[in-house]
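Both of the next two complexes hold subunit A, though its partner changes from subunit B to subunit C.
Here is the complex of A and B:
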């Protein structure tokens, strides 16, 4: 039977479990877009900017949706992206500029 | 002359059926007109041929007159063909040497002109004489029985059926499409008319079924197809991948804790959340987690892997796959239950737009001690305790113009229960029920309903609600009191709709595969509405529970046990007898065109490619005659209903 999907039954928010914080090592990126393609929660987007190799690296568009599933890091051929588990609510504000290594 | 060139000695027995026939047809004249007709050696009439004196008269006449076949001119053969077959068998004749000339349903009941009706009766009887002249003596086809049953659907009806069959000593396969058995009953709070806790009376049955050595529970399985025939079915069953090994899972819930995917919980009717790997409810049978692949983050072959990482007994297997396997059974009980009519059909009540306009099953979960609110009555939008609750009966039922024409039968009672339980939880709240009629036709039902009014002060308003809408924060129920004719406008904090029961999604496709017919409303059809209410017309299939129509639990359980009694009848037989009046193939005439193969509704015919002719599985043939009519070569002749016989019958009728 089809049931009604309620966002907040009895006014209670959806529980949050593991949350992830994404770290992008922009200069390693070659712009293949696999991370964007494989992210099940549509967290990543391709940015307009260029990295030092002249590619467009991804950026984190919806960090609140990241559940630390690690699909991006499993699929990235160049080890340019990974996620770290954070307790819900503990996530740091999305860094203005991602880490450079 | 019969087929062997021997002359037949036929007896004609014309029945008055009281005045049913004799009131319109001059039975004496019919009997006289048949005297001396070709092959007829004896002709008489009597007031009730089916009575014991009538049967005895036939028996004695056969012996005295040395008859070898008879015609009984009476009612439809569906009523008494078997009676007269056994009479002539007693006289030592072959039962296929009796024919029934139907002069009641096809004559006296549909005509009033006595003269014309009498002439018509004479023609009908003469045509049957022509038929019986060429009847062969036949022996029933005999087949063995597989004493093992399949039950499809494991709600209370399926569980009860399985337990009863198993207690009779036969093996049962209990197939359920969901991860656990239990059906709707396990979702209910307390049950009318005794208010016992549904889970408390249901879980012992579930456990008993899971422990019974004769029951094999196949949850998360579905029936793909069924072939074969009564007593000898072959069932293809599809196992859906659960990705968790039930034998290893200890239900520790570690996987659930780490799974990041949160979705609406079906068991709680979307009033709470569950994870993608979940236990449907604490008492689930089998007690195991299930990974719901639709909602898992996994994109084959990768998974987030969090659940597998923490599962200590290593119960999770991401490589689990769908498999199809075959089993042999002799009987099938269909107990696939019901769904509720979709709220969105009721646009005038806002459909699903208003969070506090809910259906009965949602309210059951709110009332349930194991529900999302721990048994406190709160409304879904903000969790407040509702002080004014309006219940509306017959939502989608008894409305042939817009919705379902039938009465869903149980809603009067469960609404009464809902209002009563609400008042037990919120004694200072107001409960109002809008009804068209209150139907309480079960044992102790009326008393229960009266208690709702007398002891719990529930207000019953006879009226129709035409609209439910929102004004600011308030829900407004707008209708009319049909007893006083006054318009009613009422504020409500929560509105509970008694939605119509409907056939379960997907069951109609299943029925097509099983060749079980359903009625105009989608409910399973029984073989006879009064005398064979738990059998399907398709031999070997039995009906139990709400799949056959709306029912409460006591009726569901009774029907399940009744269906099993019929399964027992079948399994008690050494061999099954099948009507021999089937349609074989004359291989010399068959051109192998295969027209009959495509036309046969019972899949009884198949093309033998090597020989280039059609082969018939006589046990599957129901003798409908579709192929006989379609065969362009005259190779498909039904036994005792050959083209020659039909033409002689037509000629007799035309001659008068």
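Here is the complex of A and C:
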């Protein structure tokens, strides 16, 4: 978990926790559930819909909880999920239309 | 909610290190080999090493497919001979960094001879041994790492052969760096691969990986997620543990960590020194 300005926490009122945005490439997912089980903040849930291979991909249930730790990205055996850091407070516009919010 | 997106639409951070024409890969859902590849890609990203000077060699088996998916120079070699090929590559061009990624059946059983002697000669290789306790690609036969009394397709009454202890074998043969992690210890595994990569000499990183389709299905241990949960509950990190204690018993605790970190002259180093001495005389 990345905390910005960690060197001098007393100079600012509250350390700012990084916020992340999760991107799921659903057609690569094989539904193993590693990302859902081992997300430290329980951001992800298993969805009911099917992808083109017939597996259930995850969906982002609590996007405000994501802190861009990147563990889902490392723990995914199928390279199907990753997170990008967003500035907290003001959200960046979505990079593409297909990006999940 | 958006609709299902296509594969080409989005760029994963690891896409630069993978051959995207071959993705999605063939590994089963719940397999841990993809995690090992992720950790390796993460290690390469951390190292910022020139990818033209990295060679990945693998043998045959599920883990043998890794060479086909990583976008460096890569060799998919004959069964068990990954280390032998890697030795040739390293000696032919000592500037290259050679990494062997292969399975337990390939490195420890069929290529056991090469494993032992490459460690003895301390050839400058990094070996990532993905251990899933079974010959998975050929249908789940008993492997030299299968614990007692696990069932496999060729041990229908349970395995009775004593399993090989990969870290102990590597240490006894003379490896300079030996570590073991499970497929769940992703960050530690990536850091360990970085350390092993920078170590001159024969370094071994064992990755305990779930095999959902053969090992855990025949033994009724659930799917890949259940195996991961088992690793989560039963793996104990003990750095510097004596490799004598690292036998993996069936569904017992798994000791992980960095066990051996020592210095020995690497093969190319001692070869050059020897030749120089010869010329001086």
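Following the convention adopted for this analysis, the second predicted complex is superposed on the first by the 73 of 101 C-alpha atoms of A that agree within 3 Å, B and C clash if a C-alpha of one lies under 4 Å from a C-alpha of the other, contacts with A are read in each partner's own complex, and residues count from 1 in each chain.
Methods note: a contact is a pair of C-beta atoms (placed from the backbone, for glycine too) under 8 Å apart; a residue touches a chain by one contact, two chains touch by 3 or more.
Being a predicted model, the structure only gives us computed values, none of them experimental.
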{"item": "Contact breadth on subunit A, by residue count: subunit C or subunit B", "value": "C"}
{"item": "Subunit B versus subunit C as contact partner of A:55, first or second or both or neither", "value": "second"}
{"item": "Touched partner set for A:17, first subunit B, second subunit C, both or neither", "value": "first"}
{"item": "Contacts of A:68 with subunit B and subunit C, given as first, second, both or neither", "value": "first"}
{"item": "Touched partner set for A:32, first subunit B, second subunit C, both or neither", "value": "second"}
{"item": "On subunit A, positions contacted by subunit B and by subunit C", "value": "38, 71, 74-75"}
{"item": "Subunit A partner contacts - residues on subunit B that touch it in the complex", "value": "257-262, 264, 266, 269-273, 275, 297, 299, 302, 304-306, 339-340, 342-343, 352, 355, 362, 372-373, 378-383, 504-505"}
{"item": "Subunit A - residues contacting subunit B, complex", "value": "1-6, 9-12, 14-15, 17-18, 38, 40-41, 67-71, 74-75"}
{"item": "Sites on subunit A touched by subunit C in the complex", "value": "23, 25-28, 30-34, 37-38, 49, 51-53, 55, 59, 71, 73-80, 82, 96-100"}
{"item": "Contact set on subunit C toward subunit A in their complex", "value": "1-2, 4-7, 9-10, 12-15, 18, 23-25, 27-35, 37-39, 42, 184, 186-187, 190, 223-225, 228-229, 232"}
